[in-house]
Amino acid sequence: MREAILKTKNMLVSLKKMNFNMYRKDFLLSWDKSIEDIKAILSMADILRALYRDNVSLKVFQTGLGISLFRDMSTRTRMAYASACNLLGLGTFDMDESKTQITHGETIRETSNMISFLSEVIGIRDDMYIGRGHNFMKEVASSLNEGFSKGVLGHRPAVVNLQCDLDHPTQTLTDLQHLKNYFGSLESLRGKKIAMSWAYSPSYGKPLSVPQGVIALMSRFGAEVVLAHPAGYNLMPDVVKKAGEFAKESGGSFTVTEDMKEAFNGADVIYPKSWAPLEVMKKRTQLLNKGDEKGLTGLEKECLAQNAKHKDWVCDEDMVSLTKDKSAIYLHCLPADVQGVSCEYGEVTEDVFEKYRIQTYRQARHKPFIIAAIIIMCCFRDPVTLIDDKYRGNKHRSG
Amino acid sequence: MREAILKTKNMLVSLKKMNFNMYRKDFLLSWDKSIEDIKAILSMADILRALYRDNVSLKVFQTGLGISLFRDMSTRTRMAYASACNLLGLGTFDMDESKTQITHGETIRETSNMISFLSEVIGIRDDMYIGRGHNFMKEVASSLNEGFSKGVLGHRPAVVNLQCDLDHPTQTLTDLQHLKNYFGSLESLRGKKIAMSWAYSPSYGKPLSVPQGVIALMSRFGAEVVLAHPAGYNLMPDVVKKAGEFAKESGGSFTVTEDMKEAFNGADVIYPKSWAPLEVMKKRTQLLNKGDEKGLTGLEKECLAQNAKHKDWVCDEDMVSLTKDKSAIYLHCLPADVQGVSCEYGEVTEDVFEKYRIQTYRQARHKPFIIAAIIIMCCFRDPVTLIDDKYRGNKHRSG
Amino acid sequence: MREAILKTKNMLVSLKKMNFNMYRKDFLLSWDKSIEDIKAILSMADILRALYRDNVSLKVFQTGLGISLFRDMSTRTRMAYASACNLLGLGTFDMDESKTQITHGETIRETSNMISFLSEVIGIRDDMYIGRGHNFMKEVASSLNEGFSKGVLGHRPAVVNLQCDLDHPTQTLTDLQHLKNYFGSLESLRGKKIAMSWAYSPSYGKPLSVPQGVIALMSRFGAEVVLAHPAGYNLMPDVVKKAGEFAKESGGSFTVTEDMKEAFNGADVIYPKSWAPLEVMKKRTQLLNKGDEKGLTGLEKECLAQNAKHKDWVCDEDMVSLTKDKSAIYLHCLPADVQGVSCEYGEVTEDVFEKYRIQTYRQARHKPFIIAAIIIMCCFRDPVTLIDDKYRGNKHRSG
């Protein structure tokens, strides 16, 4: 116990010295944040988790709202966001667009201000269409800037990306936190081989944001990041380029292959996950904009047929046996398409998934704390002193 | 800063002397409240907003629920209500009638009691049918009276009208607060010309509650209130009569015209907004009660055709140039039907709306505090001392 | 007032001596709980209600979530659960399966862990299909056990049954609390005749959980419990057997009759309520599993026709006049099918229901406190000291 307390204190002391800079900024894309920002979030999330386990109340807000706007299904991010807001003392308000007048010709700039009078953070998921989600978040952000600068809003709530068409930073930071905890430190990632690989799924239209977020984040710590996918399943060129630059800067490497085995060979970390080809996603957006229902049905059929050619891109025992000591750590953002459980052919076989299942749950448990850390970093000028005071105050969270 | 503190203190001292009387009452119609009640709410809302900006925690409830029941779409009132409850420490619970047994033959008097055991306030929007919303709220209120008097409920939650068929008091008090802040005081409204005017919109069935609420509230402060609409778009005679009486009492005037220009001519305040003709709304209720789908479709067509004759009732540059110094203040409850933005022809042209847009956002920002003020006034015997204590206690809302 | 304080203090002293044992356990079936557990919950619920009325803050959680998962409609249990969580300081999060990825092949064991990282309690209603609800709750519970034992979860949230296919314990404890308050003590139930009777309703597929829960709970206090229903409307044999055993243990009796009058004759307590025949419910589950829409429509028709033969099973004045002093206490979980109000023929006539209506509301008011008591008992090692401290701390709930 004394050891745990000492560890938390040391983490706070270290964090106090870090040169992060997120106050009154949004959190939209991990690659727009400095490496110090990223490290500070992970460190803060670890501190919050330690204090939570010690039953310390982390209520930094007495009142205030955390708004969420989900334009796609979500279980764990929805829960993680609600949990994070609650942990910090914020009430949550889920904007259900079907119950509002947003569809009634209301503009984004107007709605953005209308929901922000007493709000501290706005979490958005808008991941289904290429060219939309990130732009939507930027429009919300600039509308808030206008409202704040013109005296409409007394303070400026932070916008947090809960998955867009480009990135899924609360997920990839969760993944990174898991690796940091698994290997002992971020420094230990240096030289590790991390394989982000496409895998088969019987579904269509899965976003590119997770694989893009993974290669653009993991490449910043000196690791050997490999991206693998069948021909035609390439990611957005800009993000791929960024991953290459980050790898160079950090002294690691970034390569792309069309061979899953090559990626898995000797890998320390494997992340087999399905996504849709960029070209299909682009076509889909165009057809949607035109309201071409028939075209969309055709595209779905075509895409599923194309996917079906790659059923051999599955993470099975043979694949895993290629990895470092046959025991790479397996990552997944969940839910995985498990062969024989949720589908006939999928991303991973049942026996492999079962071996790693509990590990993936442990991976997921970081997300509420990652989101809480982001909120604190965005909303408070001196978040470390704030949390240090909570710690010293030692008010119980429960009981 | 010292000046701001002094101002807040003075507002509290003044409010303490006012002769308001809202404790354990509902807030259903503005015209059933005394002028002292109205003034006290505005004053309390300004105090709450000032304290909020000073980061003072306004948590007057440790626990308790604010129930909402929306029988129509809502963005800003829904948000404002949730924000107000949260600001005061109440959790919110949105009754979704589709998920409850209300449709399962449950009576209003029963449901009203069932949702009230640990609730402090019940906010209701029921604005779509003439003869329904206000009656529904009265039935909820009398059911609570019964439950309270017979020992079912330990205390009696307040019912707050979040828009009914007759009035939309949280909106019109928001509008009034905006004018009070804009002109410096309620007294400054004396002699000001306020034009509440119908305007064209391509939609059908908009409630009468906003224009009715506006004429029946603005007429209480010595202003020259003018109601303008095309022939056939008259409001409920009772409310129009009330506006006339209030105008006489307050030393102002109230006139009705079928000429938009006449209304705008020399106006200090313009409020161009669409609504449905009373006769159409009555017919609609009858057809709905009969379940006459065909009749309803016919009525909608007929009404849209009738509306279309009045596309010239638009707030454009020419109209605005008729107003006092060509620069009357423009009000709207939002969202407005902006010509060229959300519709081909609408209530207001794009250039006019854009000029006033930020002003309308500033208008809207008062609503959470108006609702919070109403809740405090209804739930506490001595709300001024309560808030004064919060102020002196100086507990931070965030951080 | 002094008397009330003394009474509350005495209740706390008595509760402290009781030998209950619910810490870190779930609350799924009343018959799996010891008689001391049952008594302790009722006692705690009475204490919470007394303190609530004295405006004592009962916020035992600073932060934390109460999850709810409703797979069927609910007004009062939904409200009671939300109220109970709020009373204790928990935020609520309602899992809407249509907005999550649960339908997307996600397993129960996975979802159970994903929603539990910062949650304290999970309330579930799953009452529509025989063989499903209770099993679902057990699967959630065992998934949480796995997650907790393997370090996924820092603590183990409690699972609370908000109605399953077998039992509806928060309802039946509410009913029992009402009787305890009505007769003055649980001891007074000894020798009382309690008639749980089927009654006609024009609906189909009502769960068996309320009558089952009632006979298996009321039989534990020395009462003469009578179950009455037409031939073919029998309950699950296991539960009926349990009721018989409990009656024997407690020195009471348990009998079954196919004559409503026999059950009402001299009864102190009557509980007339409709339910579906077990055989029909079983068939329904089979047809549903097969996706046999036509079969389901046929079954519904058949069942309604069968019900219609028993329209004379109605609680009318004649029936009531058979009871003890013609004035047995009438119980109902609400909403009742009231003849002439919500249906042509129903469970109870309008005049009888009206006589007892306010009593049924008083019955219902116990539910939020029963649920709050269960949560406290499940989440805290020493709940009595905890509440005693709250009482001594005397922090106001409102104001």
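Structure notes:
A, B and C are the chain letters, set down in written order, and residue numbers restart from 1 in every chain.
The rule we apply is simple: a residue touches a chain if its C-beta (ideal position, glycine included) is under 8 Å from a C-beta of that chain, and two chains touch if they have at least 3 such contacts.
Just so we're clear, the structure is a prediction, and the values are computed from it rather than from any experiment.
Superposing chain A on chain B by their CA atoms means rotating through 120 degrees, a value rounded to the nearest 5. Shared numbers divided by all numbers used gives the overlap of an interface; between chain A and chain C this overlap falls below half, so the copies present different residues. If each chain is reduced to the centroid of its CA atoms, chain A and chain C end up 41 Å from each other. Annotation for chain A: residues touching 2 or more other chains are 91. Against chain A, in their complex, chain B makes its touches with residues 52-53, 57-59, 70, 73-76, 78-80, 82-83, 86-89, 91-92, 334-335, 337-338, 341-343, 357-358, 361-362, 364-365, 367-368, 395-399. Only residues 60-65, 91, 93, 99-102, 104-107, 110-111, 113-115, 117-120, 146-147, 150-154, 379-380, 386 of chain A touch chain B when the two sit together in their complex.
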